[in-house]
Amino acid sequence: MSGNSFGKLFVITSFGESHGAAIGGIVDGCPPGLELNAADLQGDLDRRKPGQSRHTTQRRESDTVEILSGVFAGRTTGAPIGLLIRNEDQRSKDYSEIADRYRPGHADYTYEQKYGVRDYRGGGRSSARETAVRVAAGAIAKKYLAEQCGITVRGYLSQLGAIHPQAFDWDEVARNPFFWPCAATVADLETFMDGLRKAGNSIGAAVTVVASGMPTGLGEPIFDRLDADIAHALMSINAVKGVEIGAGFRCIEQRGTEHRDEMTPDGFLSNHAGGILGGISSGQDVIARLALKPTSSIRLPGRTINNQGAATEVVTLGRHDPCVGIRATPIAEAMLALVLMDHLLRQRAQNADVTPPIAAIPPSI
Amino acid sequence: MSGNSFGKLFVITSFGESHGAAIGGIVDGCPPGLELNAADLQGDLDRRKPGQSRHTTQRRESDTVEILSGVFAGRTTGAPIGLLIRNEDQRSKDYSEIADRYRPGHADYTYEQKYGVRDYRGGGRSSARETAVRVAAGAIAKKYLAEQCGITVRGYLSQLGAIHPQAFDWDEVARNPFFWPCAATVADLETFMDGLRKAGNSIGAAVTVVASGMPTGLGEPIFDRLDADIAHALMSINAVKGVEIGAGFRCIEQRGTEHRDEMTPDGFLSNHAGGILGGISSGQDVIARLALKPTSSIRLPGRTINNQGAATEVVTLGRHDPCVGIRATPIAEAMLALVLMDHLLRQRAQNADVTPPIAAIPPSI
Amino acid sequence: MSGNSFGKLFVITSFGESHGAAIGGIVDGCPPGLELNAADLQGDLDRRKPGQSRHTTQRRESDTVEILSGVFAGRTTGAPIGLLIRNEDQRSKDYSEIADRYRPGHADYTYEQKYGVRDYRGGGRSSARETAVRVAAGAIAKKYLAEQCGITVRGYLSQLGAIHPQAFDWDEVARNPFFWPCAATVADLETFMDGLRKAGNSIGAAVTVVASGMPTGLGEPIFDRLDADIAHALMSINAVKGVEIGAGFRCIEQRGTEHRDEMTPDGFLSNHAGGILGGISSGQDVIARLALKPTSSIRLPGRTINNQGAATEVVTLGRHDPCVGIRATPIAEAMLALVLMDHLLRQRAQNADVTPPIAAIPPSI
Amino acid sequence: MSGNSFGKLFVITSFGESHGAAIGGIVDGCPPGLELNAADLQGDLDRRKPGQSRHTTQRRESDTVEILSGVFAGRTTGAPIGLLIRNEDQRSKDYSEIADRYRPGHADYTYEQKYGVRDYRGGGRSSARETAVRVAAGAIAKKYLAEQCGITVRGYLSQLGAIHPQAFDWDEVARNPFFWPCAATVADLETFMDGLRKAGNSIGAAVTVVASGMPTGLGEPIFDRLDADIAHALMSINAVKGVEIGAGFRCIEQRGTEHRDEMTPDGFLSNHAGGILGGISSGQDVIARLALKPTSSIRLPGRTINNQGAATEVVTLGRHDPCVGIRATPIAEAMLALVLMDHLLRQRAQNADVTPPIAAIPPSI
């Protein structure tokens, strides 16, 4: 496949540019019988949608998704599900001045080197606008996982610049525009972001995604381990520079006695593994964390070259997120859900007859 | 594909268990005309081989690879390359006592839950022994990349527990058994490892891999970005819990003005991106870092359950690496080389006619 | 992938049902720089379109295709090309009476057995309406092959029932509604089809597709031989029951001295191979022939069962082609073009450096 | 994938040349728990093996297969199964005289044009020797299909030159060296073949393969229809020039009333469809027929060119089958079994929860 598809059995293929006619995609491999309508996808699309607070881009898109196929009488049929989101608020003129020069830290230069041409309007294909399609597809996966398997996929912003949450509450995540799990520090975020916006700068962030209610057995060694596919999926999100599972980079300084998650008949005693052992889910929560860079689309001028190779400067106008990490939470959830859904189907294929030698132990802690 | 293949055009498929008759694999998609013989692979196999110092497992394997096909008159023919490494030093009796119980932090439990059966001898398919095949395949990729494209893939141990290198010298990496780039601190490593071995414990580590001499244009957005495929490849290595590209997790606290790599006609002014922008190589060095957990195969007893679900203890005998990160350096190099080789072929396929609008700028810093 | 994608590097993924909101697809892997607009696709869509003569279904669809992405300033960008064709003339009520019974020889029964549900309106996903998407995608491939490589893909109806052409003229193919290469026998076809239509029956047919201007070297042994992929592609067309290459089934009674195509410095002396040797194109015309069954959607009653398993009869109303082979010509051309395009890219990937040992000999008969 | 793999979930990847060290492959995706040992594969390997009668090549190979991995305690583990067959009777000197010239009708010319090099010893990778690996892999699929699903895959020679069987008896197929279903005409075959061998010529043939005990629901529309994958699989066998399903090319002259297989509560009334409707298995026998060309490796001189492009003649020495169709029967069975196995796993993946609306009707003719 040529780069715009993800998954082996539950496959999302996406198309579309930031300022083209539409973005959309095809979900192939959804089992038949799932109740589905556009409203099921719209919830997550709205969570990702720009302009939900003053802290994200002010581009206005309704991001209304249309389901074009694959559903009959309110249920999926096993046929591919066509998804379409028309673009609406395209101020392409904002981009005319970057037509001949490359924003540093952006994909402008590499796209033009690779393809000899680029759709510079809003970043074209490299724009994070494309992730709306992933969110729509991921919503289908989330619904199936929740209804058929009792798996819940959730995420939250776990760090913004140097700010860490001081407490953790899943319910709080839905209450503020940052997907932030700690009510006490929301004001800190607002103050910081207001200052950043005035300065015309941007900031990095971290997002954590968690799948609960996991079955054992998802993941296909050697190369299609569950963690490897999660790393692939999350690193494919725009601006992501790092992915870790469970203890992640903290494991470097751990000893074996500390890292290994001991087991008892009542469950695991810890979860440094992030719910994955040998590339296969253990039944514990799958926990992944991703690092998102500060966007390069900022108002502060930077040195660059133009398409003649000459030195110049660039200032990114247009409307951009000062912290792309904020809106990344539903995207990361979607990507995790897509991976789990794909592996669920793969597990069914090969291991239909397996009776585990012991009942799975509880995933406690 | 069912999990034991990696790559789309340059494809490695591997087989084999730790204590079976042999491990091996097939490299499909190697361009014809490359000079190749078994000695070209043996160098990296020897770097990965156990028993090279007292700091790694004392299992003795010659790891002699046989090329079974795909080479005629000293050159590759375009046909698939069959690789075979016979297993030699199998002390399977060491493992009889883990036949009925699960080592915590190991794949024992998840394999048995998934498949209903596991080859417990030495970890079976989940053993890092399998990585020898990757190293052999990666050596083919490295040779092609070096000879045909001037791309060099190298790696080093960048952290061991809390010990960091104090200086950096590529030449030093080959001089010590740790792949460590700093002569001054080799003694610290030895002391630490000797203590660890006596204690029967294990430790985590970090490895950094670097590709130099990169062309622009490798990587296929959206899902097959170069960084996403690298994350997939590196996370698929046993014991890896995190992967980062360029600035990686440090980008969380960076501002856009700091992170973006400004460009001049003489090249980039920094490389926080790790050589990849928008999922496509920029011509700068590709830099990735991976975190490896402390192995769970240690002599210190841990709580676990047996295959009846009852509480018990386990002590891992057999011969194991107290720091699996050490021998991971050639494995990580191999995986990076496999990704680059695959993307090189993909880039040729789709962009054969592209003349970049400007000559690529130098990749300086 | 889950069944609705075709190709490895030039990939078409399709969606849509006969009576849903729309059909469409995504072409992923088109090289950048190709001049492209919707009119380039419309020509072949119009050739396939129903209602072009009294001999095909009277369903009226404008089959207007919209290109949603992947084209900028009149040229492809290397990004995926989204294609959309809205459905228009959906008389779904025609199908209410087959909602609870299975048309013999149709996919009704198997879809319902497989998925537990089917969109019975016009055959849903199993309708040949879906092939419009293939024709649109194939037109992109045809254009690239013609403009960049000098490869021409053409087809014609080579048999209808027991009627064979008496002469052969490529120009004639475009002059009659049958894609028939023989002016002298067009009247025979008309007479036969008029009688068939009155009788309410249907008839089988054969289509032949030819690629001229072929380079040597396309095709990837062992499993992805050019002929194997062509067989796959053509057999995937609705109603196709057989595919042959070159001499095809006639080779059964041939001796080696007759079948082998001898070679001279001026070219081959025959083309029983159909332009493919060992799965790789020889430079001669690639010639494939496909057999299409008589459609099962006919007015004459047939015995069947209903969805309670009881015996009943079915009569297919709705508007149907009495010979689906007629409109299959542009579809078969499209599928052949898709295969060639995919293999062209694959050939570039792996053999970029190859200089053939001798210049290719001319492909003369 | 690069051409040497087949299947999506049950995947065979093969390697090896006719006169290299070994041929072999990897079967990835075999469900765990299947009893398996080398003897299970040897039966079919012996059926395909050369030198079983005077009517096939006199090359002597024991074709002993070794299972290198994926089996533990007599059962498959879910890990990839490595297969190895050492080459033994390599008289490579027989081939020195075709090193510089191309056998007409053979892959010599196209391999050299594609790759710039070819292993001319015995045809190298293009030799039918490679099919031994497919037979070994197919035997695993056959065993699983038979034991777990009650599906039987069988084949027979259905035509040799102009000779057709006069009667049909499955039991007879195993009693003669031709896989011929008609005792009365075996002598005709022997006489014909003796004459052909003396003349130094070769002849085409047809093989029919049948899967009985089929479940409904195998096959993934649109592109991965069961018939499309079967066509792909069978056309990938050396020397095959045509594939048909059920009525095949005979459908061209059929009317809809004749071709459609009417249904009753007691089953289908005919099987022109060959057990596949809309690309999905109907529960009837799957029936496919393939045409095999007369081999080009004959003693009678033919005009050709050498690798300087000059006119010359070629005579093929070495030891060859005068009718490659004879030994193709177990190969075609293997390919059909591989397709069915793959689709069985795919069906399980996506449709695990489906309860068909009616119980499948019996498959009676």
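Should a chain be cited, it is by its letter among A, B, C and D, assigned in written order, with residues numbered from 1 in that chain.
Heads up, the rule we're going with is that a residue touches a chain if its C-beta (ideal position, glycine included) is under 8 Å from a C-beta of that chain, and two chains touch if they have at least 3 such contacts.
In this text, all values refer to a predicted model and were calculated from it rather than measured experimentally.
Of the two chain pairs examined here, B-C and A-B, it is A-B that is joined by more C-beta pairs in contact.
Relative to chain A, the chain whose mean Cα position lies farthest away is D. Centre-to-centre spacing of chain A and chain B amounts to 26 Å, using the average Cα coordinate of each chain. Distance between chain B and chain C, defined via averaged C-alpha coordinates, is recorded as 45 Å. Residue numbers of chain B whose C-beta contacts span two or more other chains: 1-5, 8-9, 14, 29, 32-33, 78-79, 114-117, 125, 221, 346, 350-351, 354. Contact residues on chain B toward chain C in their complex (touch as defined above): 8-9, 29, 31-33, 78-79, 148, 221, 345-346, 348-354. Taken together, the chain B residues at the contact with chain A in this complex read 1-6, 8, 14, 102-107, 109-117, 125-126, 130, 159, 161-162, 196, 201-206, 216-217, 219-225, 227-236, 238, 240-249, 251-265, 269, 272-274, 276-283, 291-298, 300, 302-305, 307-311, 346-347, 350-351, 354-361.
Those residues of chain D that touch chain B in the complex are listed here as 1-5, 8-11, 13-17, 20-26, 28-29, 32-33, 66-70, 72-73, 75, 77-82, 84, 114-119, 124-125.
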